[in-house]
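Look at the two complexes coming up: subunit A is in both, with subunit B in one and subunit C in the other.
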Partner chain A sequence: MSYDVPREENEVDPEFAGTQNGFPLWEVFVRAQRGLNHVHVGSVHAADAQSATQAARDVYTRRAEGVSLWVVASEHIHASDPDAQGDWFNDSKPYRHPTFYEIPEEIGHM
Partner chain B sequence: MTRTEVDPQARFDEIIEAGEKVEPRDWMPEAYRKTMIRQIAQHAHSEVIGQQPEGNWITRAPSLARKAILIAKVQDEAGHGLYLYSAAETLGVSRHELNEMLHSGRQKYSSIFNYPTLSWADIGAIGWLVDGAAITNQVMLTRTSYGPYSRAMIRICKEESFHQRQGYEIMLALVNGTEQQKAIAQDAFERWWWPSLAMFGPPDDQSTHTEQSQAWGIKLETNDELRQKFVDMTVPQADYLGLTVPDPELRYDEDSGHYHFGEIDWDDFWQVVKGNGPCNRERIAHKTKAWDDGAWVREAALAHAAKQANNSKGAEK
Partner chain C sequence: MADPHELYTFLLRVGDDNLILAQRLGELVSWMPELEEDIAVANVALDHLGQARNVLTYAARMAGPDASEDTLAMERSEREFLNAVLVEQPNGDFGQTMARQLFVDAYQVPFYEALATSSDDTVAGIAAKAVKEARYHLARSSNWVVVLGDGTDESHQRMQAGIDAMWRYTADLFFTDETEEALQQAGILPSFDNIRGTFDDTVSSVLARGLLALPEDPYQRIGGRTGFHTEHLGHLLPDMQALHRANAGASW
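Up next is the complex of A and B:
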């Protein structure tokens, strides 16, 4: 360390504050152009939402890859069970698809 | 199918077999996770340390345009490091641990960055050869089996092409310049040629990781295959520049359609891997110092964030 500042009582080491990493983790979403969804691109570490947005801009949009950014604290992302494939994401109802129905050719495009 | 019936190993094998991607919250063999962390971390560290040899020439770039380009390139390297750290963290390792492992030497970075950049021509040679070799490897890795790594590679490959082209353009300007400029171009080429070939790692018969990595779909081509691809691509580019490849054994083999090249000095390679290269200590000392010197900034940012959070709590009451 290049300097030495005495620690206050209960002061937290910044490298371990809040999370193991010091700075909390933020997930970054970029809207590539107007009319498209924000898409997840990765993450950054930052002390707060404002600096996370700035860091996301520097890391993920150096070549105008987007027109808008979202950052979301990673701890606020809730995900489905990765093993839930069969239960959750099955496609057992073929009648939900248009190709299930046979329409006479004479009708033309429908 | 209910959840209890799914054998996680079978499901993992199925994903690999089908050429699909493994995603962060999927079950994966512990050894796969460890290999992936090791490889992505080494890759990330390489991008970060790789800023040093080139950053060395920012203040001495021969024109404002070259300086702006070099700054943009070095910024990209930082960005690439961050994409990769972000991918590594999805495997459950923290940024703090990754930093620690780099600083303490428990994780390595590519040995290529332990060579010094002695003249401006080195900046050209690095962009052309070192980034060229990296691209050869990284294009393969865009198809690697771990989703976040693959996506980071796609992003990186898009940006890397500029790095190689700006390097080649520097070489082109030098070989069309004065006798002295031609001489530094040849000198830099000679110093970076062999280390660039060594970047692909030990020969296949001595590579301890290749077989398992291929079975897991992490690596899709072997070290020797990638090295050959790079040589075949690069020799004609050197010919165009009028530079002489520092290898008396180099010749084009009509039958195979490939260049035959001489034996790499693996003793030198292992010396550098083991920490005895020209710049190993300097690189880590510099990195560690930058991290320590930045501690007050991180502390201030956290203090500011805590204060803002406190203030807004107060305002709600």
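Up next is the complex of A and C:
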């Protein structure tokens, strides 16, 4: 590999300083077939949305996994607080599940 | 009816473009600047290898009972390869690799579109499958050329250097002689008249979006289509053919 602009070992391009691996992170969602929803499959690093879409195509749909792709800049994902997991999610209330109803005979399987 | 030898020669020109480019791109696997690009370059290399295999397998049917895609790929010497000199050029940096790829893709899309109308069903079928791959390759290489050209000062400088270094090998892509002429007169190949214009439109539009320009130097190196290559093919072939030449007929 030849480079026209010599760099010191481990020198960081100042224009890219502060971003991991030089490029920002994007979350990838793939729709496996028409009628299904897009499902999160992983992430890619890319310079912009178009490049991220192409990287996602190359990395996550090599074996005909999908018919449609979304990419979303990871910085736009807002997540719940991991430390609040117990308060938010572990308070299971069985009566919220629709299991306390008698299903009339004539309905059969639902 | 055209001489089968003419179709054979034409198929070598098409197949060798893809075979040699696949080898060049394969050299980059594990060396690309990003993991995503590493997978992408392998995808593109394998697309070109698949196209080469389809074309050379068909060509081998005209080259005698002992010929196969493997003998054509692995047992010919430098002067017998008929690829355009562009595809044998070294990868250089990422800008040079993408400049070479843009020029190949901008050529292959209209070339395969025309070839898909061939009256030879095998040729038309191969081209119809290949054009879908070529369209994606073009979308990818165009995007990179624009991103790098309209990126940082350094990426712009490297992308322009890549364009400057590769442009002089582009005319060889369009070289035709009595081979294509005979096949066209026999009704086997369609006219290739519009390919150059489409290529020029594609390239100038992509370069404009990337704030890049073609070099002013009008020099063009041709000769690959008749076996006269640049020094680089002679170094590529031993690397590509070493395993087969050391273990003829090996399979796994």
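Observations
Quick note on the criterion: the second predicted complex is superposed on the first by the 79 of 110 C-alpha atoms of A that agree within 3 Å, B and C clash if a C-alpha of one lies under 4 Å from a C-alpha of the other, contacts with A are read in each partner's own complex, and residues count from 1 in each chain.
Criterion: contacts are C-beta pairs under 8 Å (C-beta built on N, C-alpha and C of every residue); 3 or more make two chains touch, one makes a residue touch a chain.
What you see is a predicted model; the values in this text were computed from it and never measured.
In the superposed pair of complexes, A:T99 makes contact with neither subunit B nor subunit C.
With both structures placed on the common chain, the touch criterion links A:F23 to subunit B and to subunit C.
Applying the stated contact rule after C-alpha superposition, one finds that A:A79 touches subunit B and leaves subunit C untouched. In the superposition on chain A, contact of A:R62 is made with both subunit B and subunit C. Touch counts on subunit A: comparing subunit C and subunit B, the chain ahead is B. After overlaying the two complexes on the shared chain, residue contacts for A:Q54 are found with subunit C alone; subunit B is out of touch. Of the two partner chains placed around the shared chain by superposition, subunit B is the only one that A:D87 touches, whereas subunit C remains out of contact. By the touch criterion defined above, A:V44 lies against subunit B and subunit C together after alignment on the C-alpha atoms of chain A. Residues 1-3, 5, 15-16, 21-23, 44-48, 51, 58-59, 62 of subunit A are contacted both by subunit B in one complex and by subunit C in the other. Only residues 1-3, 5, 14-23, 25, 41-48, 51, 58-60, 62-63, 79, 81-87 of subunit A touch subunit B when the two sit together in their complex.
Note for the complex: subunit C touches subunit A at residues 31, 33-37, 39-40, 43, 91-93, 136, 139-140, 143-144, 147, 151-152, 154, 157-158, 161. Of all residues in subunit A, those touching subunit C in their complex are 1-5, 13, 15-16, 21-23, 44-48, 50-51, 54-55, 57-59, 62. Residues of subunit B touching subunit A in their complex: 1-3, 6, 8, 11, 23, 25-27, 72, 75-76, 79, 82-83, 86-87, 89, 94-97, 148, 151-152, 155, 159, 289, 292-293, 295-296, 298-299, 301-302, 304-305, 308-309.
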